[in-house]
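Look at the two complexes coming up: chain A is in both, with chain B in one and chain C in the other.
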Partner chain A sequence: MSTLSFTHPTSWRCAACNQDLQPQKVAVTYLHSVFHVELMACSQCGFVLVPEDLAIGKMLEVEQLLEDK
Partner chain B sequence: MLYRTPALEQGTGGMLRPGGLELTSTLVAQSGLAPGARLLDLGCGPGHSLALLSDSFRVTGLDASEAMLIQAGVRAAKATLIQARAEALPLQDSSFDGVLAECVLSLCAQPETVLTGIHRILRPGGCLLLSDLYLKNGTFSCALPKEAGCLLHAAPLEATIAALTHLDFEILYCQDQSRALMQLAGQLIFDQGSLEAFWQTFLDDSSARQACSAVRSTPPGYFALLARKQAICKRGNTHDR
Partner chain C sequence: MDQQALRALEACCVQEEPPFCSAACPLRVDVRAFMAALTKGDTRSARRVLDRHMPFPAIVGRLCEAPCQAACKRIEVDSTLAIGLLERYCVAATEQVLKPPKMPAKGGRVAVAGGGLFGMTAALDLARKGREVHLFTPAKELGGTLEEKFRSHLPDDAFIQAASTLSGYGAHLHFQVRLDADALKAFAQDYEALCLDGNEIDMAGLPFAASTPDPVTLAVNDVGCFGGGAPNGPDFQVIRQVADGRRAALSVERFLQKVSLTAEREREGSISTRLFTSIEQVQPQAAILPASGAEYNSTEARAEASRCIQCECLECVKQCAFLQEFKEYPKTLVRRVYNNLSIVQGTRSANTMINSCSLCSQCTIICPHDFPMAALCRDARERMVQTEHMPPSAHDFALEEMRFTLGDACSLARHQPGMDASRYLFFPGCQLAGSAPEQVSATYQFLMDQLQGGVGLLLSCCGIPAQWAGDEALFQETLASLQATLDAFGKPELICACTSCLALVRKHLPAYASTSLWEILAALEHLPPECRTPTQPLALHDPCGARDNAGLRASVRQLCGRLGVQLHDTTMPEELADCCGYGGLMQFANQPLGRKAATVKAGRSEYPALAYCAMCRDNVAGAGKASAHLLEYLFPGKAGDDPLERANPGFSLRHENRSRLKEQLMHSLWQETAGDAPAHSALRLIIAPDLTSLLESRHILHEDVQKVIFHAEQGGNYLLNPENGHRLAKYKPVRVTYWVEYEATDNGFIVHNSYSHRMVLPEALP
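Here is the complex of A and B:
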């Protein structure tokens, strides 16, 4: 399955590691479903930046979908 | 037809089918089909399952779409390809050891006709590997647009099992795979932005909202089933050629 990319140049940095964020493949897991996406993350500690529009848009709709009985 | 929409290629890898090839492999493993068995992929689409299975089995892909068969021919060069409708199979009686029908029956306005045809072309003891949408609550509580594809003809699982039993199929395996449907829907949301946006790839805005509302109010499920044609049939073989 192809990886969906949500990476954009960003001025956000990892404060703990003092590193720029880089595109990284991550597995987003919720209620036993796993989605492979590409997000900006710290290459040192793996801290992932989830953009606000992704969190309150697509991710919220996926959560609501998976919570449907 | 929805599964021919290029816009869905990225999010689904070209397979608008819950469970993807992993579910196909599971069903095939459960079937016990021997290497070299004659296997028909009914509604083969662009040939992903054919490509998976063509090294192990003598595969035939059947689809109503010439465009799909052209893609299938590229992916599965060893497969025999036939352009035909599932309701009118141009195949001889008892000519297959197995029939694979993945998310196909729900596209057919006459599923009983399709199942009767499948029964005819299977050898006694042959098996049907079936996966498809099903209605959890009998019917959609809201009307569906007429272009809603496989949702229009999705049936309660009990009705499909009853139809198979009536045709002298023995149900060997039946498993709910609704989680795979949720997974696919989630991928479509990540790819398209929302489920309504997904429907808008092939429906007008009003129909997309209608489809979205119907599915949200009555979420369908997905099942995988393995059925064996009885080796000795209770009734005589009556069929149309």
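Here is the complex of A and C:
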């Protein structure tokens, strides 16, 4: 399965680990569906960043599509 | 919902019933479409309508007696449309536009004896159906014995053209044939079916066994002989000849197909229609008479056609923001709901529509046939929940709020301080407690002062959000808890401030006494001493929850009268009231539509609004209309602010007000302290006003923001932007993951942004 990437350089750093965020493959789920996507995350603790434009954009769109399935 | 229930619901809506003119027309000419085209000056499209429905429009269009005119709705306003004259204008101004198709030849030899309009029509319809038709007439041309008074209206070659039309469809025309007994006997023997045109044949002297034509089938015997049409005389009507010809052709067709001649023929000929059309807004407009005295010119025709009011019902749609939004009327909507529920795999495209109805039943009151829209949509939601197809985002926020109200933070049930029994139990409802907590306290104090036997207090929720959401299990659980409280309090009379709570309790707990706060207050001798008369005229906005409670609405008006309010009704008063957008959780499932509904309600009067439902008050205020709750005049706040200037408190403030009210009342009335507040609630937030409205629209409560920051700060798990020192954290209390961008300062946390998503990240999985 191909992995959709939503990574881009970000100023956010992980405060706990004092690390920059790196592109990372993660599996996000909703209503029994799993999506493999690439998001920016802390390479040490795995804290995943979901930026606002993704949350209220593509992610919301997919959520609504799944809700009507 | 099964097919039968679907049909019954569909039949409830009359929007697709034929208009009065078309129902009266035995040919079912679509007069409405004809008039619409003529109004636009599109004579060709008008002609297309005639070509589609009318045999030989060049003849019938000129001669029809227009029984439609007597049925025209316009007669109730001024005078009927000149439909007949307009048809004459149209056929004179145009050539044939549409040629109805001929079906492939399929055998079946039919003789038509007589060339009058009956025989011509029967021959034409049968030829179009692919039958082998032979028409016999003693005359040299078609038209039968049509009298000169009719013929004088026709072009000289009208019947030659008609013959050419018939031949074009493959009909065989035999002129100058003697239709004597031998000929008729031969037809009966040689053809599979026979049509007899009474205009040229003596139906009383047929050379074989025959009765008078059956009124439904026009059969004169059961071996395929049909008769209609009439000799010249006072009863002769052109439209009757044509209608009978069409009826006979259908009978012949059925006879040849060996199917029932009589089944489902009730809707043939002139029929009655169930269509409802309001003429309330129709302005009188004088009929246009042809200046020439005889025929219209194009300007006159267009002007006269424009008097057509395009009869339809749509009474509910005219008022309902929901039906307008989805461009449906009940009949089409019920079909979409049915289809949505029937989907096994694929996209349920009507989910949002089903969840957008306010369930307010305004349409049902307006509908001439009481279409049960609320039951339809609510039952559909229940089905969606049962089958796990309810989109979680539709009602999650409202149901979480309901759980919060029912939980320890907000709920409270106590006898009156110092008493151990309650004759009454005051139930302000969740939204009033959230919107106007000060008035709840004052009202409760007043009730305790005025009523004997003890007035207990119940801060809780009636469960209606769960019922609206179709979550029957949660609703029943909430209802059972309410019932248990009523039992524990010795079945006191429940005094509901909220009209929706009252309606719900009366419907679902009918054995328990319940009344409205308004009826209680109206029955008291005195108004509260601190009450204040509004200084300006106000429009009373009834809530949808009071639709079925005329007594309650009268009590409110009585109170307003005693208070000296200069009261006006809205344009949709009393049982016609709109929902403000809260009903049915419309504003949660469809936020933009909720706003529209509030704006519609706010716009029903030019005066500032006076409401007696807390959500109406807040939503109308949210729509930008000055709006006050009646309790704010009966029990003015201590600060003395003008209630009309109070903004919509929004979800967050209502949420906080509910828990604060419990805390305050426990302290002031029962000298108790509420349980410990959750640790996150101590966090001080600094939120800019424009961000507050963004959070409202994103359904993010201040408490959600507090939870995110609290958890982030406690564990040190957040992202940091070294450029501006902002922190970004996330937290998933139940199903939704909230993100907050904030800044820690000595005065508290400055909130810069917040958003949420429902997708679950790996680290949030259990």
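Couple of notes before you dig in:
Criterion: the second predicted complex is superposed on the first by the 68 of 69 C-alpha atoms of A that agree within 3 Å, B and C clash if a C-alpha of one lies under 4 Å from a C-alpha of the other, contacts with A are read in each partner's own complex, and residues count from 1 in each chain.
Convention: a contact is a pair of C-beta atoms (placed from the backbone, for glycine too) under 8 Å apart; a residue touches a chain by one contact, two chains touch by 3 or more.
The structure presented is a predicted model; accordingly, all values stated were derived computationally and were not measured.
In the superposition on chain A, contact of A:A16 is made with chain C only, not with chain B. Shared-chain residue A:L4: touches chain B; no touch with chain C. In the superposition on chain A, contact is made by A:G57 with chain B only, not with chain C. The partner of chain A that touches more of its residues, comparing chain B with chain C, is C.
By the touch criterion defined above, A:L49 reaches chain C but does not reach chain B.
Within chain A, the residues touched by chain B in the first complex and by chain C in the second are 35, 62, 65, 68. By the touch criterion given at the top, residues 11-16, 21, 26-31, 35, 45-50, 52, 55-56, 59-60, 62-65, 67-69 of chain A touch chain C in their complex. Those residues of chain B that touch chain A in the shared complex are 10-13, 20, 179, 182-183, 185-187, 189-191, 193-195, 216, 219. The part of chain A that touches chain B in the complex is made up of residues 1-2, 4, 32-35, 37, 57-58, 61-62, 65-66, 68.
Listing the residues of chain C that touch chain A in their complex gives 346-349, 351-352, 391-394, 698, 715-723, 727-728, 730, 737, 739, 753, 755-763, 765.
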